[in-house]
Amino acid sequence: MDVILNILTANLLSPIVLFFVLGLAAAIARSDLNIPEPFAKALSLYLMLAIGFKGGAEVARAGLDSALLLLILAGIALSFVIPAIAFSILRVASPLPRIDAAAVAAHYGSISIVTFIAASEFLQSQAIAFEGYLVAVAAAMEAPAILTGIWLAQRGRKANSDTQGRERRMPSMREILFNGSIVMLVGAFIIGWITGDEGLETMAPFVVDPFKGVLALFLLDMGLIAGRGLRSSLRMMGLRTILFGIYMPLISAVIATGVVMLLDLSTGSGALLITLAASASYIAVPAAMRIALPEAKPAIYATMSLGITFPFNLAIGIPLYAALAAAVT
Amino acid sequence: MDVILNILTANLLSPIVLFFVLGLAAAIARSDLNIPEPFAKALSLYLMLAIGFKGGAEVARAGLDSALLLLILAGIALSFVIPAIAFSILRVASPLPRIDAAAVAAHYGSISIVTFIAASEFLQSQAIAFEGYLVAVAAAMEAPAILTGIWLAQRGRKANSDTQGRERRMPSMREILFNGSIVMLVGAFIIGWITGDEGLETMAPFVVDPFKGVLALFLLDMGLIAGRGLRSSLRMMGLRTILFGIYMPLISAVIATGVVMLLDLSTGSGALLITLAASASYIAVPAAMRIALPEAKPAIYATMSLGITFPFNLAIGIPLYAALAAAVT
Amino acid sequence: MDVILNILTANLLSPIVLFFVLGLAAAIARSDLNIPEPFAKALSLYLMLAIGFKGGAEVARAGLDSALLLLILAGIALSFVIPAIAFSILRVASPLPRIDAAAVAAHYGSISIVTFIAASEFLQSQAIAFEGYLVAVAAAMEAPAILTGIWLAQRGRKANSDTQGRERRMPSMREILFNGSIVMLVGAFIIGWITGDEGLETMAPFVVDPFKGVLALFLLDMGLIAGRGLRSSLRMMGLRTILFGIYMPLISAVIATGVVMLLDLSTGSGALLITLAASASYIAVPAAMRIALPEAKPAIYATMSLGITFPFNLAIGIPLYAALAAAVT
Amino acid sequence: MQLHKKKRIEIIIERPILRRMTDALDTSGVHGYTILPAHGGSGQDGAWERDGLVSAAGAMVAIICILDATNLEPVLDAIYAVVERQIGIVSVSDVEVIRSDHF
Amino acid sequence: MQLHKKKRIEIIIERPILRRMTDALDTSGVHGYTILPAHGGSGQDGAWERDGLVSAAGAMVAIICILDATNLEPVLDAIYAVVERQIGIVSVSDVEVIRSDHF
Amino acid sequence: MQLHKKKRIEIIIERPILRRMTDALDTSGVHGYTILPAHGGSGQDGAWERDGLVSAAGAMVAIICILDATNLEPVLDAIYAVVERQIGIVSVSDVEVIRSDHF
């Protein structure tokens, strides 16, 4: 018990969580502190490049586990299935209309790469090892949920006139699979893999050393955006929707824990897979939803994903998922 | 004497001063060299985050001096009082109209964080220690001068028709206190304080190692902006106004030296307090003046603060203030 | 032979080449991966600052060779002469109209600083030393080709009415000589020279340690831009024009090899001079051509320089030029 | 100087839908358009700001397209097909241009 | 396509005053507006450029607001109250929109 | 509110030529102008995008200039002298301003 409390406190008082809180507080106080968009994007690109590259280099060092393919398939399955569960729950337990419920569900099936990164950092701070190829699993889990979300939304539509004769709004396979963050993650992963230890050595002062600091600054930005969203949209969301943002990650975590047991993963990799399942997208899926389901209200899904589920995972979820993984592995 | 000359030369030939000169020269030669605005802002955010965080970590290590509260109060007092003095001088010794005099005075009461940073670097290069909490003093001195400046400008206005019935242009307390640079400085300071040595260790490759290089690049940008301002506005400013930009920091320095003696500060902290008093704002106050005193000419206060006083402090002021502090402590 | 193959493979599998390929592939697959413009510019500024500064510091350490002046003059001569050769070839061996041929020729006379950087990295990886002042030679070779290009284009124009009475479109000397990249390179070089080892020590964690990583990220961007250009313009270019982008650098390399022999340069410096001659501009010259020769089609020269010659040099040219230099020195 | 009457269409739409809009414009017969980034805004769905955003969602852009009045109808139809279900402000005004060959 | 006559207001103001302007617009009854960043410019007070700037002072933005003519008078009053003492270029033009429900 | 009739010129040109254009405007008698960055576009020479670009070549900007109709002719002449051989879209429209002293 004491151990758990200590870990929780250590996590809450880590620079990255504190910088997130700073951003949140600044935005809620309507400070004009802000990170220029091109710089925020640069931070995000850097984090994806670094985490992908390091994962690949790790694979080059440790060799490929035969489990990888299975794990990727399991990840894809989770990304496909979780939105369906999330959707059923939302339809019963929240007042959200079908289309908003489908859009929200898609977010929870996909993943948040910065949550994944925060979990990796947490595991490192606890000296828990994990496989480098989890990065590839993360990339694989980004997109499938989008398809489920769209399918959920469209199942309910009558074959009515306004979709006939009009271009259907499916994002193209290119838009989904060659999405910038997937390309960056997978590309950097492959390069890290090819160049291995030698590559890591030349790149380390860039991708390893300042990594935690850049992450902290990025979390400041996420806090600012989350706070801005909460300030403007929390009121319109209703308690039942807000609560979903907290219990849904737990449900996903439980499902993913089953997969961890089935595939007999290591503690570290198990913790990361659970974290991926429990995290909600805030980059790729919102953009896809604006294309595919423009009637869904962005204020709702963006605020739930970034304003509620992300901070919950960051502060409490990640240590919890690590404990869960430790318990079953 | 020789020692002082050596120190002065070493300062003038430091990378940060030379990069400032490069920017100045490039702008005056109308080179198209420029730093994109979002990147310039990113550099500035980085510097504030790093200096705040390091200050906080230093406080966590060294403990809090009972002098801090007194020092903050003294800093606030300086920020309130210096504009009044600057204003009186300007009204007598320069041809500036009341409203411009008030706006300029506000700049000289507030502080320039990059001057503060340059002074810290100088002290470190001279192996002179200073208290980490000086960062908090810097943050506290940003805003009060704005209020004095506005008050000075408005005191002179008749209760005439154009201010009656119209919204008064006071920046709100939120705009002043939750100003981005204050929030960043204070927030990073608190986080550094909370996370202490451990936090500093994880963040050091980001906030410590590349710090001097980033500072050099930022000074290149400041040189470019200062040069641009000088090129377009120096002609319209008049010798008496220009001279004010050089002797006013010296006057503020003398006043602050009194405070250093009163509060019995260490040499390093004394040098920094004097530097703060002698420095002039170029981020927060110009923006506040556009809101509160739109009739004041930005070309004048921006050029004086960034084009005259900043380079003077950078090149000559800082070593001088350190010598002053050494003399009285 | 085996040695050469090993070196070629090592080069092709270096992170920087692989990141370029990633960008190329992403762009051709129409991924939405992109580097925000201000960040791309920031990367480019950083690289110029770092390479200039390190070159200057190197000169401070090793002292100035009497060969420098001669080398700079030779570089300038190459930059003036190569466009004339390129132009003659293009007029015979490609279907490009005079004005496009002149614009393309100007690009091949000028230099690509990132090719220079990649070559420096390659030499370092092969433990081949080179003189720091080559950076100054690079800066000197940027502009002369622009003048030759304009002269080539205008020689062919009749003294017809549309140039009479109208402003001549020569870029001014200021636009050419105080071009941002020249100012940055030369400025940082001089500062590095002045501050020497001491300066390098303070700046190293910024300009040395993360250098290779930043370079990799910048090459990702160059791959993205090159791929975008190839995707949209390759079709319209014709095989003979494309081939020119591959054999012209070889011709320039041979010419430069003559200079290397004449001046009796070291292997490293020789390899860099050959690389400079063989590289084609993609920053300064395109902008100058838009001013001076607006009728020349940017799609052609931009695609040839960045889409064909740059990747060729990066992958094959650089090791080749190093071998060439080794053979004659 | 001889001026020629043309139409100016200004479209304000969401960033994620931009490529669809330009694809629609490309095939609708316009001769060109220019995209301007937006910094923020406000509407029925509340206010938004570009600063700090990482996702394309939540950002907007403005497209300016100058064209001949004879093209207006089909181009507006193509635009409408894209923005129909989408956030999108489309306005048309009269302008005069100095060179008529571009439109 | 049925077009509806509206008014387009374009406001060019300083960045530091932006929030005051949007607050004024928000309470003046407009249904929406979009803010575009500016890169530079020139006026009676000389030229300015956005590159390199760290402070909001010295940068400008353009605000585009499309609204019904019936709202024009009160909205212009609200705008004027903000720019009265400030640098600010406010221009109004006639436009036609394809959907009238947004304004 | 009293409105005054003015002209609004909108110039879309390449970034490398910007300084020449502003120099031309500065000496042509306009009282001010504002430059907006562009993000991308398309024309006879194909599409372009600002993202990732390092060189000024390949980027474009829009210039907005509000002026009195009496100045229109000479200003358009000055503009034309710059864009004559250049890519450049120049359009003129009617606007009304709330303060006439600036133009």
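For clarity, chains are labelled A, B, C, D, E and F in written order, and residue numbers in each chain start from 1.
As a working rule, contacts are C-beta pairs under 8 Å (C-beta built on N, C-alpha and C of every residue); 3 or more make two chains touch, one makes a residue touch a chain.
Since the model is a prediction, treat every value here as computed from it, not as a measurement.
Colleague: Moving only between chains that touch, what is the shortest number of steps from subunit A to subunit C?
Modeller: 1
Colleague: Can you tell me the least number of steps between subunit C and subunit F, where a step is a move to a chain it touches?
Modeller: The least step count works out to 1.
Colleague: Under the over-half criterion for shared residue numbers, do copies subunit E and subunit F use the same patch or different patches to meet?
Modeller: Different-residue interface.
Colleague: Where centres are the averaged C-alpha coordinates, which chain has the largest centre distance to subunit F?
Modeller: Using the mean of the C-alpha atoms as each chain's centre, the farthest one from subunit F is A.
Colleague: Greatest Cα-centroid separation from subunit E: which chain?
Modeller: C
Colleague: From the C-alpha centre of subunit B to that of subunit F, how far is it in Å?
Modeller: One centre to the other, that is 38 Å.
Colleague: Distance between subunit A and subunit F based on Cα centroids, please, to the nearest Å.
Modeller: Those two chain centres are 44 Å apart.
Colleague: Can you compute the centre-to-centre distance for subunit D and subunit F, using the mean CA position of each chain? Integer Å is fine.
Modeller: 18
Colleague: Between subunit B and subunit C, what is the separation of their C-alpha centroids in Å?
Modeller: 41
Colleague: Specify, in ascending order, the residues of subunit B that touch 2 or more different other chains.
Modeller: In subunit B, 32, 34-39, 41-42, 209-210 touch at least two other chains.
Colleague: Going by the touch rule set out above, which residues of subunit D reach two or more other chains?
Modeller: 36-37, 47, 56, 93-94
Colleague: According to the definition already given, which pairs of chains are in contact?
Modeller: A-B, A-C, A-D, B-C, B-E, C-F, D-E, D-F, E-F
Colleague: Could you pull out which subunit D residues touch subunit F in their complex?
Modeller: Residue positions touching the partner: 1, 3, 6, 8, 22, 25-26, 31-37, 61, 64, 66, 93-99, 102.
Colleague: Along subunit A, where are the residues that touch subunit D in the complex?
Modeller: Going through subunit A, the ones touching subunit D are 34-37, 40-41, 44, 162, 166-167, 169, 221, 224-225, 228, 232-233, 282-284, 286-291, 294-295, 297-299, 302.
Colleague: What residues on subunit D touch subunit E, complex-wise?
Modeller: Touching subunit E: residues 10, 12, 36-44, 47, 60, 62, 73, 76-77, 79-80, 89-94 of subunit D.
Colleague: Which positions of subunit B touch subunit A when the two form their complex?
Modeller: 36-39, 41-42, 45-46, 49, 174-175, 178-181, 183-184, 187-188, 190-191, 194-195, 199, 202-203, 205-207, 209-210
Colleague: What residues of subunit E sit close enough to touch subunit B in their complex?
Modeller: The touching residues are 14-17, 20, 45-47, 49-59, 81, 84-87.
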